[in-house]
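Chain lettering (A, B, C and D) follows the sequence in which the chains are written, and residue indices restart at 1 in each chain.
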């Protein structure tokens, strides 16, 4: 129960540090017979690749070439654990030596040291965004399982640096460097990011995830509600500070007559519930949002302490993104896939008696 | 893994339906030697009591007299499972007979039916707020464990019906019927609730929970982060549609230079992190918020379908709260206590080697 | 993870002490739609009743009247947690006051004290055979689930006080006070037990459990093998010191050519495997055996220490069985039912993809 | 919950097939600060190496060179997941092509096919003894943790081919090719194995594991008893068909006055309990035994069916051991180490309150 495992039936354990020899994931509980190969996994992984042209992303080139070491035979899953890993390359831990004695504001250095009594100064260790390799690789397998049941999941940039999409056209998402479904806000986002980058600062934003085709009935009362598990899944991503389902925080200001989704023979009239009622999917589209904080590694000088508690100042020079968005989007998508795959199997376990 | 259990080491399983013979909880993993009696548990339970004078709450009088059936000997916990329960009384399921054939908008009737193929029309079953009896009873035990380590948790109404507290004076919380830490907004809240009540409508709001005295080092990377578990804990409460930690959604609009909490030898200069960095407590106050949707049971007529899918209209007459707030506050507090107690034990398991 | 829970999908948590106000069990994960009532549960519970005429059993009269407090609606399971409990009656803890300061040889008093730092002298606490109430009540629910899939489980006395059944006629089991499938050894068993009882001593024996109708494919490699879970299930019963599957310890003395079960188009030629190959059921009858140690509470004087570690002698006077057999048989049966029900659900979760 | 994970706090997940590209294990929950390097892990792994001179073992030369890919920094564990793996070499799956269409008696081919609907004919897949690589690698880490608390574990051959050791001199174990603690039975064991080998047959035996230095108090009532978890741990090893603790099956024939271990101020007078009372360690030596069936792969012709259910005969030619003993001994030892490490952490979590 050391926290590196997610899911009950579709069960994922990630391992590896940002500057160790490799990173990866074990997936246990994937049913047999799914088509799976490295190319398919790689395709989803490539969406978290840095330097993909986005001005918001770092120039660090990570190969992250996924290899499958177990659980697949003749192109199909066998029902046994699936190990997917990548060897770490281009991981210059020397880049970190000049800040090895300092705690970086907004980072986990100080809390990892408090927790474990150990100071691993090489670029974040488990708290690094590189840990998400395992999440996305597993998410690719989960997505394949969901496809069998007609479920599809998509994530996109709803807001970046305070600029918010006003329309959602999922077809636009792959057409721009911000992963944004609204082409009309491109200019404003670009301006905003360019400005901030010039100052050596960073920005946050909001990622929206939607799942279509989810049948009614997924989610387990009372603690393992579908929305509770999505909340945990998204909040477990390093940069996320808030999670909403459906109308979310806006619902707190509504009246019941407005927030309730009326029911018609054709389905729900509105979707303030975000597809989840009492923790169980209602057959409508599932909609979740994650609030992403700005990248804490900034060039601007900040006050901090060294590992002896003495005051110091710090300015991070390395290759860092301006925003976790849009690279984080596929991680959010992967996490929602993991939750849905898990609950799909859980529902299969109990629904055969009727 | 049917979802009625929460926590890994401090492990809580709730059971019971709103209109069955009883409701309760089993707590497994509570260390031995804690002082525990029914009066102490009852004190926390009484804070979720309806009809406590608040105009926002129902007149249904639930005794909810907690009895401890196991795990305590001579006033102390023994290390064995603690069973706390209450017999259900004043549960007139007949009040529901006129809507037994309809699905109530905003409620779990329709999703429970989809999930289990069973229609229990008696007032919500497991989705009822009565299920929270077990959560709060367990929270009272967790709070006792936290007290041993100098940790205290408090929840209060940050916003109700769109009226938001502007100052936080925890001493005020028990002094008013809304559980609000800001006496200056009482009049506005009262007005708002009275208006809405007159129309047969309901309101939502925002609960804030803070934990003081939490040592640095609690929380398990990478999935069982402290904030991820708090997010799940709060989102697992029926009416909650959003969760934030620290600056939360506001952080998504900040720059890194503003959202980062600078570090001084005396501690963090600000607390946008809400006391949690990289999923691990940083020694600062932990701050979480839950967005609570309006009570879905309203007197206003709404469109729905009956259990055969035929269109129908519905207006709920029974005794229902105008808002889940303030009764839900202690549930939020209890859930955060459960998370902290669990992570406290988890940290004890690994910190002895140094 | 405090150890009072068994099973992953069909998940059982027992609670209660021998001399507390009540004992019981929560069953989480039972699918909806099973026929279930108190009478059915009681029927299985009555088989562990003491004083049932057997000269091997105590005269203590325990009502153990099972009540179902949740999870059943209109005679069917709803999919929500099932709470079954009994109030403790006729529990004279005063009977234990004269040995309250001593550790009883062969009992858990001394280890519970070491573990928890607490001395509950009232008749065994959680280590009492009364804890098995919850196991058998849950076993009755599991048996109902298994019945849906055509699986039946039976337990009987294979050996008692060194006297071993030579033929297995399951029809005989209910016909004699030892739960023995071989009527020809009745006289010898009676003699043996009578002799030992006269001396104030006790005896052990061997229980055999068989499961018929188990489909091939249940059991999860590699740790949660079906036989591994049966071994844990049986060994978790207080008095059990050994577990075998199929040929068991005898297999260790065989050659491969003899222990291998040859395969024919009609099935396996022999069943040394006990119905389990590589941890997965093979479609044949499952056969397991549990070695039961003698009841440690004996009238014969033995050396021990008091709670201060000072030498003392002890002789137990209370109402105690001569042997855990045959009352323990239904507990063994219940545990195997729990294992099979759990693995049946686990297999349902993964077998739908083909 | 697909079964490839063992332990609650010291949590091990193995992955990999016998003829896939690699095999390994993730260990999650290992506390920080333990000295750990590949050489130390390799030392324990080498004890399961085939062809080590034993006439009972195969000539297949497996490199099994352990590499640590995560969780260790500067020679110490960091508290994060430890990935240990080996690349598979010398894995000629072609050796299996002539039996690819047949089910091997005594093997899991037939049950894996029933479970997963997939026929992986390459030498056993997950059911292969090669899966134990991960168990032993993890056991080496667990042993290091136990060493910190003064606990040591040893396994040895108690019986082989029906020849039983009469004295236990642990110093002898490394001195002979059977891992036997009694040098006086060497000649008889050699004779027996040589004879059987000549016939193309195989033998079974009994492994005994002892743990010294285990403090009183480890083990969780009621299901996760220390002996229940040991029983599961040992029975989860492919070839094991029976498990005993202390007097084990012999206890079933004793009277209580003989099986009870009397207590003196200096400790227990005997150890029929095998160091465990009511599922909790009593401070005495822990003693467990595993009954190992003969290797099912034999040269002698046997009846079987092909994958279409047609009758066939089979004789296995490949490089196979005559007995799983002594190579299995270190696997038994590793599994007991895993159980003890897990329960040590569990006890740390709850024992700090006093």
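The definition used in the following text is that contacts are C-beta pairs under 8 Å (C-beta built on N, C-alpha and C of every residue); 3 or more make two chains touch, one makes a residue touch a chain.
These are the chains along with the protein names UniProt gives them: A, B, C, D = Chorismate synthase.
Please read all numbers here as calculations on a predicted model, not as lab measurements.
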Open item on the list: Please identify the chain with the largest separation between its CA centroid and the CA centroid of chain B.
Closed with: D
Open item on the list: Comparing the two chain pairs, does B-D have more C-beta contacts than B-C, or is it the other way round?
Closed with: B-C
Task: Geometric centre distance via CA averages, chain C-chain B, whole Å - done: 39
Open item on the list: On a C-alpha centroid basis, what's the spacing between chain B and chain D, in Å?
Closed with: 46
Task: Multi-partner residues of chain D (at least 2 other chains) - done: 1-5, 8-9, 14, 29, 32-33, 79-80, 115, 117, 126, 221, 346, 350-351, 354
- [ ] Using the touch definition up top, name the residues of chain C that touch chain A in the complex.
- [x] 1, 8-9, 29, 31-34, 79-80, 145, 148, 221, 345-346, 348-354
Task: Contact footprint of chain A on chain D as seen in their complex - done: 1-5, 8-9, 11, 13-17, 20-24, 26, 28-30, 32-33, 67, 69-71, 73, 76, 78-83, 85, 115-118, 120, 125-126
Open item on the list: Give the list of chain D residues in touch with chain C in this complex.
Closed with: 1-6, 8-9, 14, 103, 105-108, 110-112, 114-115, 117, 126-127, 131, 159, 161-162, 196, 201-206, 215-225, 227-236, 238, 241-249, 251-265, 269, 272-274, 276-283, 291-298, 300, 302-305, 309-311, 346-347, 350-351, 354
